[in-house]
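Here chain A shows up in two complexes: once beside chain B, once beside chain C.
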Partner chain A sequence: MKTRIATYVTITILFLAGTSLLAQKFEQPVLISSAGQSADVKLVKMLAQRQGLNATTVLMAKPEDLTGFKTLVIVPGFSSKGLGAAGISQQDELERVQSLIKAANDLKIPIVLMHIGGNARRQGQSDSFNQLVADNSKFMLVVKQGDEDGFFTKIAGARNIPLTLVEKIAETAEPLGNLFK
Partner chain B sequence: MIKRTFQLVLLLVLILNPGIRGQSAYPSTGMNGMAATAHPLASAAAIDMLKSGGNAVDAAVAAAFTIGVVEPDGSGLGGGGGMVIYLKNEQKSWFINYYGRSSERAAELDFSSSRDHSTAMAIGVPGTVAGLLMAHERFGSLPLKKVMEPAISHAEYGFPIDQTLAKLILDNIDKILSDPATAAVFLDEGFPRMEGEILVQRELARVLRLIAEKGREGFYEGELASSFVEGIRARGGVLTEKDFASYQPELTIPLHGTYRGYDILSSNVPQSGISLIQGLNMLENFDLKASGHYSESARTLHIMAEVDKLIYADRYQYLGDPGFVDVPVDGLTSKEYALERFNSINQSKLDPPRYRDAEYGDPGVFDENYKKEQVLEAETAGGHTTHLSVIDKEGNAVALTQTLGLFFGSGQTVAGVLFNSAMTNYSYNADNVNYLQNSKQCRTSITPTVILKNGNPFLILGSPGASRIISTIIELVVNVIDFGMDVNEANLAPRFYCQKFEDYLHVEAGIKPEVRAELEWMGHPVKVYEGIDLFFGGAQMIYVDPQTGEYSGSADKRRGGIAIGY
Partner chain C sequence: MIKNNLSTIIITVITATMGVIAAVSFGKMHHPEELFPSEGLTGKVMLSDYFEGIKGTNGDTEVYLFDSGVEGGTALVCGGAHPNEAASFLSAVVILENLRVTCGRVFIIPRLNNSAFTCSDPMEGFPASYEIPTKYGTRRFRLGSRVTNPLDQWPDPLVFSQYPSNQQLSGFETRNINRSYPGRADGNLTERIAYAIVQLIEKEKVNIAFDIHESSPEVPIVNVIVYHENYEEVAMGAILGLEMAGLQFSPETSPKNFHGLSHREWGDYTNAIPFLMETSNPSMGRLRGRTDVDLVLRGYCDNYKKAKETGALRIAYREDTGEPIAHRVGRHIAGVVELINSYNLYYPDMQIVIENLPDYDMIMEKGVGEFLNN
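The block that comes next holds the complex of A and B.
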């Protein structure tokens, strides 16, 4: 049932966006990184492991870390605790993510946005990271609560980006795995 | 009846504040009672007690048990705290110190705060249950079962997770995952429960019911205490059944000071009312009002930051468990010592240029009983706590702050109780006053405070926020007393923080850019936080209008919660 709902939501949004998921190919190995240093990236790492993906997580990935990877998954979400632990400012983090995205685009490595933190990773300082990553993604996988105001849906519609919305974090595992099948 | 109240409150919460604790902060007024806590359900529990004929202590105890259920990240049965009680008719004040103690075997541990903070080794003997029961037994008027009803109900039937808790579950996922019993509470299919999901804690409800039926004995002795000890020791901790059975909260008097004609009643040592009083004593030597509010005057902020730096330096040097070390209480709280310390401040620039080079003073000169020399050391940053303020119709007031130590404490849940991380609050330098010893209390920043004007409660306040608590309380007090702000303005005003063991002057963006620029010119390394930030605490305040007697409450928007009056 849950899978059907997710599929339905995906298909609906694909239709609205006027594009096709099949047009974009995602391949392994996968580099997973954060945008905002929230702990959400650790959960995405777990999800990727559950799906048996060939994935490596680098919290503060730099352009040179992209070597050898065919897909970049970015998990946006601001965490002052995470930035503090990394010893960097929000501006430092934004600049790092911008350079990573630019390098991925230059290398034609597609970017997948995974927003799993719901309301806790929306508004305020999180949205600068959400916007940056969403604008540059080829696919968005979002826990629905984070899109209650249509933030990701609007970007998906405006930029013809496929978007899958699911109810719970655990439900992102299957669509994540399916991207690479 | 319980379910009905629960449903009504939930409805209220959903209408006023759709599941978002972190975005509330409604000012509230009343003449008959007021409660300001970090969660609407805890405030509602307190008001329910007042309306049922209970007094401020009944209300505070009900709110404290409830907040441990609905804000499980910040406090709970496995933690500790402190409570200042003011009984207006008797004109008497009391302080209950129910912070935890180290185990009788703590010295056997090879404990490292950085390595072991999320293990059973970090657990100290919890004091919350004994402290709340002592308050209820000594000063409460309603039956214990009645007072504990809301907490039991919310644990048994659940409550919707708000945004603050949802975010904290995400932020502390590693700690939660470290213990399957904790993960079973806060995760669903191995992933964080999200805002709006109902959090049910049936095992915790069982423990709460046991306490309601058997009192202290139900928690500290017998089968449950044995389960705690067995579970903690199986995970590497050292707590013993004797640790539980022998734990006693301390009923003493609050530390007393004055500030510009107001009486300050705050937590006694080794809690940090002493630093609040010292800081206010120092600021009494400066005309804050004439200098302008700190958000608009670099000079005011500089002076206040320098005061913070010096009181923190003294705190690290002198504040420890008075059962183990000599604390120069009289000296640290003397007006003469405060003047000496204030006169040491360079009013035009940061001096010395690094906060860490600030020197501690010599309060012993002003304290004929004091004699000991000690060694400085910073305590572990952290401390994620909760505060609640309550006043009843008669003007009896309670300021209560309690904690698990770090967010989610040690992360270890045993028999339904999430245990503290108190061991991270000790020094591991044998020359430090806060050095870990068996059965010792650690130094803590908590500063629950009641301020009186002519014997009547004027301001009841406190905050979580680890070492930021002290600077936050000082700012709140001067916002009301010196700058004439109402309680909500005072709570919403931008905050700042610095201390000896800091490399930055942390400021919220509400401190004007030109003020920040001038502070940098004066030598302060300024670090700006956009908007308002949980980093600076989450104060819960009640103000009593001296003319009308009307109560005004304010729950801090940084942490959320709600003040309810009637």
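The block that comes next holds the complex of A and C.
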């Protein structure tokens, strides 16, 4: 009997904790940036536009770019072409993202991770960016193929971060919009 | 005397025989495979009709035209920039042999670097050709080289200075058509071919242009659509459309500072909207095992399965099915179709309407050969 009550209590606490997290509201205006310079960020920009969000996309946002924004959406994923286009190294990019995340945390601007590139933006050089952004996020929106090995699910579980998994990139639009409703 | 030299004579005769057989076989690479355009074809010219400077060279190549007679936009589909990439050439051939155009015009150049079809890459052990069974019998296609035949352009400089950017690349890249745009009229053969293509794009007022490629599973740029930054929305629209059809493509922006490539220079020097697509071809990879026709066509290689399982690199390889030619050609054709669909949304006054191309599932189910004529 005692254990049963304990179980109920635990479930209730977990449920409340869960709903309070899910209920976290994100506010506009939104700054969208990349971590790894994959062009996936351009798709997120388009989806945010279609949802009518007040969003600005800065591919290589720096701490000072955060001024005036209330939410930071980061799209992680490595692209050698993207980095080549930006004329920077992977290390430069990692340092930029670290400083951006630190500044957002200091300013209490919540970070939303959007991983939409599936397995093309996993492993290899992408995962250092995925890990960094996921660890610091307050919400994760992930296209399932990128989580086949449970990479994001594990981080979400360990750090108590709400995670929404969808089948297709186009299906991220609605949950993205809902974050701000 | 004769007895003493008998072994020398025998070895000489055997070597000479082998040499003749090899030469005859290698010489066959100079005989282009016959193509059988669909009934929608309305014209055929040579690339040299746009620039005299490649006339009479192995760089000259056929340009096929499908003109609907209805005013609209103009598309250009290029295969065979790198003739060692089987799905590049074959995708253009399948389009050529099935296409109907009901609005606007489509140009097709199946052998973009014709000279590179006449040799294969040394030290790579590639088969010189492969065969595809069709409804009417077997058709043989050449598997050429990544670059212009050295018999047509030689020697390579130690360092290749790209024109006009002066970007420094390895000397070998002098013969790579996809480092040679926008080309120049008085340049080497590869630069002149590139120049002729740019002349065609300008003269025919091409609105959207495709450059079809393949690369090895371990390189970062694979299963992608590379787009010029001015036309981002067309690429993104197509990627969403392709995803709805179950095909995942990653968007890649053309680097502004990497010169000579179609997706950069066609976009910078002409009014065309350029797209380059890459599929994953294990026969081109450094980790591949035995390099034979089976690997080129079936695209199955255990080494890539192992490499992917280590997780050390991102490997674009499907462990269960490999990367068969039907999958690769199916992806390219779906990519062309969706990019044109997306283009039509953004440029309604310059529509291009194409029909009768097999979709991805049809090609996977029936094979590439089902969609080849004779």
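Basically, the second predicted complex is superposed on the first by the 158 of 181 C-alpha atoms of A that agree within 3 Å, B and C clash if a C-alpha of one lies under 4 Å from a C-alpha of the other, contacts with A are read in each partner's own complex, and residues count from 1 in each chain.
Note that a residue touches a chain if its C-beta (ideal position, glycine included) is under 8 Å from a C-beta of that chain, and two chains touch if they have at least 3 such contacts.
Everything numeric here is computed off the predicted structure, so don't read it as measured data.
Asker: Both complexes share chain A, so when I overlay them there, do chain B and chain C fit or clash?
Answerer: Aligned on chain A, chain C clashes with chain B.
Asker: Does the superposition put A:168 against chain B (first), chain C (second), both, or neither?
Answerer: Once the two structures are laid over each other on A, A:168 reaches both partners.
Asker: Which partner does A:131 reach: the first (chain B), the second (chain C), both, or neither?
Answerer: In the superposition, A:131 contacts neither chain B nor chain C.
Asker: Which partner does A:81 contact after superposing on A: first (chain B), second (chain C), both, neither?
Answerer: both
Asker: Looking at the overlay, what does A:56 touch: chain B (first), chain C (second), both, or neither?
Answerer: A:56 contacts neither chain B nor chain C.
Asker: Looking at the overlay, does A:28 come into contact with chain B only (first), chain C only (second), both, or neither?
Answerer: So A:28 meets neither chain B nor chain C here.
Asker: Applying the touch criterion given at the start, work out whether A:46 contacts chain B, chain C, both or neither, answering first, second, both or neither.
Answerer: A:46 contacts both chain B and chain C.
Asker: Name the stretch of chain B, from among 295-303, 313-321, 367-375 or 511-519, that runs into chain C once the two structures are superposed.
Answerer: 313-321
Asker: Do chain B and chain C land on any of the same chain A residues, and which?
Answerer: In chain A, residues 38-40, 42-43, 46, 79-82, 117-121, 124-125, 145, 168-170 are touched by chain B and also by chain C.
Asker: Under the touch definition given earlier, write down the residues of chain C that touch chain A in their complex.
Answerer: Residues in contact with chain A: 220-221, 223-224, 226-227, 232-233, 235-236, 239-240, 243-244, 248, 250-258, 311-314, 316.
Asker: Contact residues on chain A for chain B in the complex?
Answerer: 38-40, 42-43, 46, 77, 79-82, 90, 117-121, 124-125, 143, 145, 168-170
Asker: What part of chain A is in contact with chain C in the complex they form?
Answerer: These residues of chain A touch chain C: 38-40, 42-43, 46, 78-82, 84-85, 87, 117-126, 145, 168-170.
Asker: Quick one: in the complex, what on chain B touches chain A?
Answerer: These residues of chain B touch chain A: 20, 163, 166-167, 170-174, 188-192, 194-196, 529-531, 533, 535.
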